[in-house]
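What follows is a group of structures, each given as structure tokens.
Note that chain A is present in both complexes that follow, paired respectively with chain B and with chain C.
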Partner chain A sequence: MKPFEYRAVHSVEEAVSVLAEYGSDARILAGGTDLLIELRKQNVKTPKVVIDISFIKELRGIESPNGTVMLQSLTTHSEIVNSKVVQQYASLLTGAASVIGSPQIRNKGTVGGNIMNAATCADTVPPLIALGAKITLKSKTNSRQIDLSDLFIKPYQTKAKPEEILTEIQFPKLSSNVKSSFIKLGRRNALSISRLSVAAILTQDKNGKITDARIVPGAALPVWRRVTEAEILLIGKKPSKELFTAAGQKVSEVMISHTGRRWSTEYKEPVIATLVRRALEMCVGDLKDLKDLKDLKD
Partner chain B sequence: MSTVTINTKINNRKYSLAVAPNTTLLHFLREELGLTGTKCGCEIGECGACTVLLNGEAVNSCLVLVPQIDGKEILTVEGLAKDGKLHPLQESFMDHDAVHCGFCTPGMLMSAKALLDKNPDPDEKEIRTAISGNLCRCTGYVQIVDAIKEVVK
Partner chain C sequence: MKHKIIGKGERRVDALGKVTGTAKYAEDFNVMHQLYGKVLRAKHPHAKILKIDISKAQKLEGVEAVLTANDIPGDKVFGVVVKNQAILAQDKVRYLGDGVALVAAKTKEIAEQAVSLIEVEYETLPIISDSEEAFKPESIKIHGDDNQFVHHHVTKGDIEKGFNESDFIIEKKFKTQFIEHSAIEPEAVLAEPAEHGGVIVTGSVQNLFSTRRSVAGALKLDLNKVQIIQSTLGGSFGGKDEVMTAMCCRAALLCMKTGKPVKMVNTREESMIESYKRHPYVLYYKWGCKKNGSITAMEIKCIADGGAYASMSPFVTWRSVVQATGPYYCENVKTDVYAVYTNNNYTGAMRGFGSPQVNFAIESMMDELAEKVGKDPFEIRLQNGFETGAVTATGQKLNHRVSLKEVLTKSAEAADFLNKWNQYRTSKQSPKRKGIGLACSYRGVSLGAEGTDAAGTIVSVQTDGSVIVSSGITDMGQGAQTQMSQIAAEVLGITMDRIQFLNTNTSRVPDSGPTVASRGTIMGGAAAKKGAEIVRAFLIKTASEMTGLDVMSLDLKDNYLIDTNNGERLASFNEVAAECFNKGRPMYGFGWHKSPQTSWDEHHGHGEAYFTFVYGANIAEVEVDTETGKVDVLNFVSCHDVGKAINRNSVLGQFYGGVAMGLGYGLMEEFNFEDSIPKQLNFDEYLIPTSMDVPNIIPIIVENEDAAGPYGAKSIGEPSNELAAPAIINAIYNATGKRIYEIPATLERVLLGHKLTRKGERGSVKKEEVLADSCKIRPEGR
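Coming up: the complex of A and B.
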């Protein structure tokens, strides 16, 4: 690792004032599971100063103030997995955090780092966008809340300014009649980054008709977004294999309209369609266990 | 580049040291402290050979910047034995032939220790999850899982 100055900060106030001083010469260090790998690469620009925010106590923890869930940015993936609040009000996020990396990575990696690193394979992002999450970005002179879905420009690039820090992530609780799921397809079980993933949320009325649907694929589109083109196919209808298959095909079409056909399309086209169908089936309880996902032909 | 002063406890021994911030915990343990039990494999968080406990949680020491351990406690494989007696996990690994080349063993032991400290009665699935971030190229994992199960019994 090339030399850099190191500054440990102990409050958000201190963090933003050091960030204001150094601007784009600084890099924030949270869990370090992405940044340390980057700092060791030969061909990347080493920052002048690394600002270690990992000691900031106020940036830890999960709360659920009136109708919302609030994750502080340093919340680790392990803390998300073990959180009763997240399990109860956003179980698809529990599912996504539980398949990140390995226990070691989950103990260290943070949700804030996952978002700000902005890799297309970031597993917490599709569920958070499906949940309608908003994030708070703070600088010395300003604090703003934006939709998470508005943060990203392209892979590894966000609209956050160099002097801004992500402090919290907030989203409305899912009520108990709303069902959600997250499916990730990696090359193997542990330590595999997502080749493709899908976050889905479904609400049905008492007759079983779908009243709200949210579908966010991961690692499929240039920037994450809800695929409303597929969601509207579901509204007002009752779940069926044909309906969910049609929604899957729609997501696949949308993906290709963005990315064009390339070497991986032959694989991704049917796989994303199947993942969407299965994520929806998981929501309505037709598919209980990820073990059922083994055979992709079905 | 200036050094950073840290206070830490490693294997129950207190240290107050000036460190170069651009050092990983892995290199610090091996090269500054001579604790070479912690192994250096991939250095990108994938093999788990460098696993140590940071305040009781398993982490990859290759992904920890050494100043980040200020005020925290580290346990490495060298800290497992007590009063000259091996830890039950170490005994069990030997009894089950869970050590072949041995390169993965320190990391496996630390991941297993982290699990048992939190959950003294894990089932096989929980054991397999706990060591899912540790690669072993020799054993095929069966003996390792058996060794951990034996300590649970």
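Coming up: the complex of A and C.
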């Protein structure tokens, strides 16, 4: 690790003021679970300054104002897992946060860091996009709210300006009749990077017909998005294995249309279709035997 | 015979220090005025060194020495079998881990900076990264004029006749991978100038005596001027041999040059770049079989990737050639095992030592044979498996108790193997399918005909009755110190708290060979028994004089002198010890144990390879997700004949750890190279099993006491690790009906039947596409 300047800040105001000074020469330290690993790598440019925002108390906590859930950006994955509010109103996010890394990483890693690091395998992002999350970016001179789905340019690159920090993540509560799920596939059962993941949300009317569907795959597309091409197949229909299989295949097709056929496509093409089908089956309660995938069903 | 301490689960003698933090690992040793040493390693996996310019590094403030190969006063290369491993590269570099120059500086940071200021001019050479490529006559030579540096063979009977007698032939190719030892403690040493010349090196060294020879050779010192002291080790698994020898030589060189203590510690990344790995093998197995399931011929060819240096390859591959047929009767055998040089990391000793590779092939073949003749895996092994008196492929008659059928039967019963195997192979509806798999093995104990096999242990009773034990056999965490202490305590009739075990120091204990080959307990333990018996005789003689009783009526038990006629306590052990000292008798027992004779005829490829063998069976029960390729191991039965469990808990620890490590070998671990450049340098990308991946394990300890070992003890360290992978692979077959011929059984191999490789495709895809899979390397910028 090469030497760099270290600045600990204690308020958002102080953070944005230091950021305004250093801009792209600065890197932000939140939980450090990505940054510290990266700084060890030989071939990575060492930042001039690392700004440690982990002491900012105002950036911690989970609230639920006006039919929404609001996560401060330094909320840790463990805090999300243990939050009754998240369990009740966004259980797929509880599921996603619970399978990140290890207990130690979940105790240190933050939801804001997970988003801003912008790795395609970030586990909290697919659920948050499915939930329609908006984020607040603050700089010394400005504060703006954008859709999370508009943040990303490509893996590891966001539209956030060098002088901005992420302060809040806000999304509407899921009502109790809405079902959701999150599936993660990794190479081992803990401390695992997602090979593929899927976040799904389904709403059905009294007759069982699907009225709203949201599907966001992880580690599949260069930039996360809801796969509306697959979602529309579901609207107005009743759940069935055939329907969910078709939706899965559609997601797979969309993935290939974005990425082309490449070295990993042979594996990802059938498997993302399977995971989408399973995520949808989990939403409607048809699939229960997925404990080993560490899924969480509501 | 009833034992007081042998066979119990006594607390490890090193446990308290390790859990309270008083144990000192190599990095914990620091002294005044110590310098920090760092290594400049190769820039290319294969290149000529044209020029090394150290002038800029030398001028840096705080730098005290910059050395290259030219500064080594003695031997510039080392090696236990083939002396060709460079302490520092001279004319060329052969893999990315080769050291090119050394720096000693006042701080680690200055040392690192100085390393970056050394300028090396290279002329790159073609790279050989594939073992079969290395064989080709036109391929570039890495050492001398032939890349093939080992060929062992075993022949028995007439292979042609064997195939002619067969009803059918099974012919398969298998492949195994490089894996990392993954000890939690990376390499570290402190080298200090000794008081009257020479050098003292304290470090995380597994094999102290071979290291001492190399350091003495490099520095042109007598062996008595080089002390290697073993710090408490944070794991080794065979991995702290040559890589530590190189580090000790380098630190000692810097120390002698500067006259100051020098500390060297590898980061995990440096460790992964430089350290040796388990050999990947390509295995060609061809069996001639009869319809009744017997085997008439086995023709076997294995090619081991030895990497840049010979290291332990000649011995690793020798164990493979001896054990390549498995514990199965076959009259006609032809086995050839080769090792070749490549520009990959060199490969050497690792828990198992040439057996995990062949066991994967043998046990897969045995299941294929069962399938072909309509038998189950249990029945086919009982039919073909060795019994007492069997003659192995090398012509050795097994005169000890051959317990193969016992371990097979006990494990099959514990796992309900046959019922489950039949049930799982027919239920194929659900995408998630269960499967159960069996594997067994035999394994030669200790070094065998590799070389001299002897060890010494010292038992020293103090005037207050406390005891100090030390040995040339080292502890790396496997529990050797505890086993030897238990044996000494048993003989002396004292409790374990009376014993203090000293870490090994080459100047204070006899050269006992390397602590490898699962020989710690059988060799060091046998020596401890003899040492303690010597002291005991003096104590009992003294006690006889104290009490006027005949020596035959006296015993030492629970820290007391006992009258065996009535069990009465006559004196405390401490009193007897004090009196023994007052009488001027020695209370120091030096036990030396030499193993029974073995023999090997390399020309004909047969002989009495090992003085005894152990037998084990493993059963894995898995669930395979046939839509994603994910394999979970649900339950596991591990059954081994250990001869005698000296410490029950240590044996169980070996069972559990061996299974966990074998699971990693079978399912996820893979040290990948791209053109001989390692693709992963830390545990974020090199995956080993977590506690969430390790199944419920049922251990079955079988004890057929062997005349060759102390109290009948044999081995367990390596046997416990060599069978898990084939048991899991056979279980996957039982679940899916598809066999894995190349480990590890990753998501892709299980789902698609082959590995995905990024190689060669990078340029042909759009930039956006490449990045969709880039969860590993983050480009610059925020």
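The criterion applied here is as follows: the second predicted complex is superposed on the first by the 290 of 298 C-alpha atoms of A that agree within 3 Å, B and C clash if a C-alpha of one lies under 4 Å from a C-alpha of the other, contacts with A are read in each partner's own complex, and residues count from 1 in each chain.
FYI, a contact is a pair of C-beta atoms (placed from the backbone, for glycine too) under 8 Å apart; a residue touches a chain by one contact, two chains touch by 3 or more.
Since the model is a prediction, treat every value here as computed from it, not as a measurement.
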item	value
First, second, both or neither for A:Val50, with chain B first and chain C second	first
Superposition-derived comparison: chain B or chain C, residues of chain A touched	C
Touching partner for A:Val284 - first (chain B), second (chain C), both, neither	neither
First (chain B), second (chain C), both or neither touched by A:Ala246	neither
Contacts of A:Val271 with chain B and chain C, given as first, second, both or neither	second
Which superposed partner A:Glu5 touches (first chain B, second chain C, both, neither)	first
Chain B versus chain C as contact partner of A:Met70, first or second or both or neither	neither
Which superposed partner A:Val85 touches (first chain B, second chain C, both, neither)	neither
First (chain B), second (chain C), both or neither touched by A:Ala20	neither
Overlap of the chain B and chain C footprints on chain A, listed as residue numbers	3, 37, 40, 102, 189-191
Chain B-touching residues of chain A, taken from the complex the two chains share	1-6, 8, 29, 31-33, 36-37, 39-40, 50, 52, 54-55, 78, 101-105, 107-108, 189-191
Residue ranges of chain C in contact with chain A within the complex	109, 267, 269, 431-432, 623, 625, 627-630, 632, 668, 682, 684, 687, 689-693, 746-748, 751-752, 756-758, 761, 765-766, 768-775, 777-782
Touching residues (chain side chain B, partner chain A) in the complex	1-2, 4, 20-24, 43-46, 48, 51, 54, 57-60, 62-65, 67-68, 70-71, 111, 114, 129-130, 132-134
Parts of chain A lying in touch with chain C, wherever the complex brings them together	3, 24, 27-28, 34, 37-38, 40-42, 44-45, 102, 116-117, 119-121, 154-158, 160, 162, 185, 187-195, 219-222, 258-260, 262-264, 266-267, 270-271, 274-275, 289, 292-293
